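Next up, some structures in structure tokens.
In the two complexes that follow, subunit A is the common piece, with subunit B as its partner first and subunit C second.
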Partner chain A sequence: MKIEVLKENLKNGLCVVERIVGKNLSLPILDNVLINTEDNFLSLSSTDLEAAIKFWILVKIIKKGKAVVPAKLLSNFVSLLPNEKVILEEKNQSLTIECKNFKNQIQGFNPEEFPIIPEFNNLEYLEVDNEKLCYGLSQIVDIASPSQSRPEISGIYFIFSKNIVKIAATDSFRLAEKSITMEGVSAKGDVSFILPQKPAREIINILSGKEGRVKIYFSPSQTIFELPMKEIQHPAVQITSRLIEGEYPNYEEIIPKKFKTKLTLRRDEFLNQIKAAALFSGKINEVKISVSAGAKEVEISSKDYDVGESHSNISAKIEGEAIETSFNYKFLVDGLLNIKSSEVIFELSKEDGACILKPVGDASYIYVVMPIKAT
Partner chain B sequence: MKIEVLKENLKNGLCVVERIVGKNLSLPILDNVLINTEDNFLSLSSTDLEAAIKFWILVKIIKKGKAVVPAKLLSNFVSLLPNEKVILEEKNQSLTIECKNFKNQIQGFNPEEFPIIPEFNNLEYLEVDNEKLCYGLSQIVDIASPSQSRPEISGIYFIFSKNIVKIAATDSFRLAEKSITMEGVSAKGDVSFILPQKPAREIINILSGKEGRVKIYFSPSQTIFELPMKEIQHPAVQITSRLIEGEYPNYEEIIPKKFKTKLTLRRDEFLNQIKAAALFSGKINEVKISVSAGAKEVEISSKDYDVGESHSNISAKIEGEAIETSFNYKFLVDGLLNIKSSEVIFELSKEDGACILKPVGDASYIYVVMPIKAT
Partner chain C sequence: MNNSELWQSVLAQMQFHISKANFATWFKNTEIISKKEEKIIISVPNAFSKEWLSNKYNKLILKILHDTDESIKDLDFIIEPQLKGLLIKSNNIENEKTEDAQLKFDEFKINKETNLNPRYTFDNFVVGSFNELAHAAALAVADNPGLTYNPLFIYGGTGLGKTHLMQAVGNKISDRLKKEKVKYISSEKFVSAIVSAIRTNSMESFKASLAPIDVLILDDIQFIAGKNKSQEEFFHVFNSLYEKNKQIILSSDRPPNAIPELEERLRSRFEGGMIADVSLPDYETRLVILKTKTKEKGVDLPEEILEYIATNVKKNIRELEGALNKLLVSSKLNQTIDLETTKKLLKGFIFSPFDVANYKKIIETVAKFYNLDEKSLFDATRKKEIVRPRQIAMFLLRKELKYSFPAIARKFGGKDHTTAIYAYKKILQENEENNRLTEELNLIKQRIYSG
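Moving on to the complex of A and B:
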């Protein structure tokens, strides 16, 4: 293999594929990147066996071929090169890199030992605007939590119906759901899958800030998220992942349809007062939200006998009845951080039931949180 | 105690004094800040018994007194308050904090239990421009390294003579020295002390970016670095520290007076090529610098049999003889990062002797580094 590539393009591609490369002691081949020539493109691939990333760069190919070299080493080295043409040449599993006044050689491995990243023959896909997908995922991805006993809730649930995709995540204490309008093709009937949390995070990290529509391919056991190149009909980057088996809980059942009290609050001020009360919330992180009958302010308070106590008031639009409910402050902070609007609605339910936090003026996102049960 | 203070001023002071407050399990009183009224000022004090920080704020005093409360808790809480007046009131070792729509109470401790931070009666001091001191310290502070067997080289050596203060640090593999012109008062004869590394770092962190002259007080066992307020004849902040006992090595002896080869190099390019070679430098971090007879470029190379090898060339002004010397790349990187000039001078010595790295156009800083001995 011998190719000519711009340093900046090679650096960008390596920064993407090295993301899932770690130190894999039992299978050291996974520490590497597979470099391959495909038509006029150089492809860079990496995998941790659960997920894989593939990135294409338009290059000048002098001689076709493959190379497998340590991903972090190559990425760290290329980032130090001057912004010039780079010549990569593979001979006998050794990769030579020449760029201006640098000439380096990296010892590689046999490309046959690199795991095959599965591809699909199924050409059907659904399409979502990339920025909407990344933003939506970022609003819910951290809610999912690793669960050995219930692996299905450790991932992000995607459910496509007609031209809407809903994504949801829960850790059984709270739940977040985002609705995103699909572009182009509609789903034929309801289809759904559970994507593990780690590749969901990689989709956000790799695709955020990029224009275009993401194509989502999926089989019963696997999915590919693919962003095409801007000007050429060719994929720019693919994130492939296995899917989580099992059935996602029917979460819509727990979303309350009625509320006892509805508060409309300034988001930043509410977040700040929750954080202040959190400092005095003791071992169970308990922060109390109180609304007196006829009040125009909500009281936020906490008390820890050894440390001290906190009381603050926030002006609010209050609908419904007087109420007093306690929450784990972490759950409220997480929910508020996932909402960017200047005002939020907080709907409190009767009898320790689930409560809803949502942005004002955006029906696409809801955050359901369980209160701390009164003892 | 009851006082009125602006939130921003209180927050700034707490951010400074909380720096040396950690979780001290054996002496929990050290987790606290001592709040005291002094004339028209509120003073905030913290200590880890080795060093202490004291910060003054101009406030409105309603009732004199003292309070001792957890430093991080108070600091975290105050930073969440709105930018308004804050009223602090101490009663029965409990501190009430009122600010706009917040009213909090923090459980405190008996001020009598707070360790006394030693003060001097000696009013003699030397003066250094604060920004020069902070920048100079930042160029050498990380060179010192904890040493049980030779505690004297674990600190920063200050030696004052007439109107110059030299500060130096070494870890026995390399040495850095900075000369700073003193302002105002001259030293009467040579005086010197060894400041521990941690308070030296705190001086940089706390005082950097602030205008004015630092007053340096010292006794045989202790020193105070004091920055005055801008408009009032009063200290703004004091960093007090014990001094390290023992005699600092006569380091000037090891600074070579002659060189075999003198290189003048562009700093950023040199640093980049060292970093690239570092990736192939193996377990002993060995990077080779080679100058051939009559060459106009310096070659930088490294080789690790399992990983690969690196060769790069950097154009340089070369004076003196051909030479080949190896260095631990970390020591070269550290030295280059401490130099901000666009060009550096690298003086290489004969027979594995100490080498000197220094900025072009600035005689105030030298970095002496030992090569890796040829085996």
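Moving on to the complex of A and C:
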């Protein structure tokens, strides 16, 4: 193999594919990146056997071939090179890198040893605007929590229905749901899958800030998220992931429909007061939200025998009855940080029931949180 | 040679051909799942293993298989994630966790197919004299669904373990025979499903969805009272299941003959199987329940505290658990729990009959029990369906609250006090003669004191 490539392009590609490369003691081949030539493209692939990333770069190919070299080493080295043309040449499993004043050689492995990234033939796909997807995912992804006991809720649930894709995640204490309108064709019937959390994070990291539409392909056990190149009709990057088996719980039942009290609050002020109360919240992170009958303000308080106590008031539009409910402040902060509007709606339901945080003027996001048992 | 032996011999030989790391990575969780004539199908845990095995080792595996068994000429791989092992482990992990103050979405614990909550089993059901009949009947049904007692009808006040018992039956049946389909539905959901089926004109598909069920569990069936269309549809569902010897289990807060506005044909069907009641647990049983709960949660509370709770929290089992939970939460915050702090913490739970039974409560409960408006109890009317509840309300005011007859008469719109005396005497006398009335009175009293 021998190719010519721009350093900047190569560096970008390596930064993307090295994301899922870790130290793998049982199968050291996974520490490597597979460099391959396809038509006029150089492809870079990496995998951790759960997910795989493939990145294409338009290059000048002098001789076709493949190479497998340690990903971190190559990436670190390439980032130090001057911004010039780089020549990569593979001979006897070792890769020679030439760039201006540098000439280096990296010892590689047999490309035949590299895992084969599974492909599937389902050519149907659904399209979503990339920035919307990345933003929506970022509002959701941290809610899921790795759970050995409930593998199905450790991932991010995608459900495509007509021209809407809903993504949801939960850790059984809280749940977030985001709706995104799809571009192009609508889904045929309802399609759904559960994406593990790690690749979901990678999708955000790799794709955010890039324009275009993401194509989502799926089979019963796998999914591919693919972003095309801007210039030509060819994928620029593909993230393949296994899916989590199992049936996602019927989460829509969790979202309460009736409320006792509805508060409309200024987000920044609310967040600030919760953070202040959090400092006095003690071991179980308990912060109490109280609304008394006929009041125009909401009281936020916390108390710890060792530290002291905190009381603050925030003006709010209050509808409904008087109520007193306690929350783990972390859960409220997480929800508020994912909401960017200047005002938030906080709906409190009956005692020990689920409550809802949502932005004012944006129906696409909803955050459901369970309180702390009333004591 | 069976499939697993065959695959073992393949694995044994594969070890010699590939590196240890490769062997561990690619052959983990693989097995032969079927052997049809010349073709072997091997299940692999994920798509990567499938690609690797079918591209790299296909020939080698086939050769070894062919050497062992000459009839084998073809090989295929399918992806079959290893879920079952994981799930069994997981249940144990969950149980070890102690109760926390932070609440969770309850819906997630529920099995999606059957709607059963796996937490409810016979093992953690405490049996005492107050529920042994219901327990024995439930066990018999679980052992022999559809044949012994059909339908099984369990009734009793709130928070006494009806749901626990019914779900335990469901869990036992669905654990034992995987082929039997169990479905637990609360009557409220059942009614709303019927309503939405009517609205969307999909009654047929709703019925079809219930047809394959082997065990149908309907909780709080009294909600169906007064909903005529729902009763009619339920009647058909009931019949079609009953004819096929499918088990039906129902619960209610009162016996079938005390459910108002229930169609006669349904009532007689409910009474056609086994009717068992659960009532309030006695002191000893309450203590046993507390001990079971503390053991479940992995905490240790001194005997005197448990005894204090058992003596003083008498309303129902749910209350008992609530009191215990409250103690546990505060024990996490400020460590030591002694009798004094217990007394302070449980103030709200402590049962005092003078607080609980009051005028308002009696009127409210009686009106609710007979499906009447509170106001209509005071109407100047002699309609039979109002006179009787009114007499019962007067009787209870006298008997439970020791109201004077003139006071009772005043409360009921300035009637003469002799009316109140007459009502009291009439109910008192009938109470001795009429079993059904006794039953009703007991249920109303139970509700007054447990609400």
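Please note the rule applied: the second predicted complex is superposed on the first by the 374 of 375 C-alpha atoms of A that agree within 3 Å, B and C clash if a C-alpha of one lies under 4 Å from a C-alpha of the other, contacts with A are read in each partner's own complex, and residues count from 1 in each chain.
We adopt the following convention: contacts are C-beta pairs under 8 Å (C-beta built on N, C-alpha and C of every residue); 3 or more make two chains touch, one makes a residue touch a chain.
Computed from a prediction, not measured in an experiment: that's the story for all the values here.
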Should the pairing of subunit B and subunit C on subunit A count as a clash or a fit in the superposition? fit
Give one of first, second, both or neither to describe whether A:F280 is in contact with subunit B, with subunit C, with both, or with none. first
Considering only the touch criterion stated at the top, classify A:D352 as touching first (subunit B), second (subunit C), both, or neither. second
Quick check for you: in the superposed arrangement, does A:G184 touch first (subunit B), second (subunit C), both or neither? neither
By the touch definition at the top of the document, which applies to A:K373: first (subunit B), second (subunit C), both, or neither? second
Taking the superposition as given, does A:G22 touch the first partner, subunit B, the second, subunit C, both, or neither? neither
On the A-aligned overlay, A:P151 touches which partner chain: subunit B = first, subunit C = second, or both, or neither? second
Per-residue contact with subunit A, leading partner among subunit C and subunit B: C
Superposed angle subunit B/subunit A/subunit C, CA centres, nearest 10 degrees, is 120
With the two structures placed on a shared chain A, what shortest C-alpha distance in Å links subunit B and subunit C? 17
List of subunit A residues in touch with subunit C within their complex: 26-28, 47, 49-50, 112, 115-118, 120, 148-151, 153, 170, 172-173, 175, 221-222, 242, 245-247, 249-251, 253-254, 282-284, 286, 305, 328, 352, 354, 370-373, 375
Would you pull the subunit B residues touching subunit A in the complex into a rising list? 70, 73, 76-77, 80-81, 94-95, 101-107, 272-273, 275-276, 279-280, 297, 306-314
For a test of understanding, state which residues of subunit C touch subunit A in their complex under the given definition. 21-22, 24-25, 46-48, 50-52, 55-56, 79, 81, 83, 86, 89-91, 93-94, 100-105, 107-108, 110, 112, 325-326, 329-330, 332-334
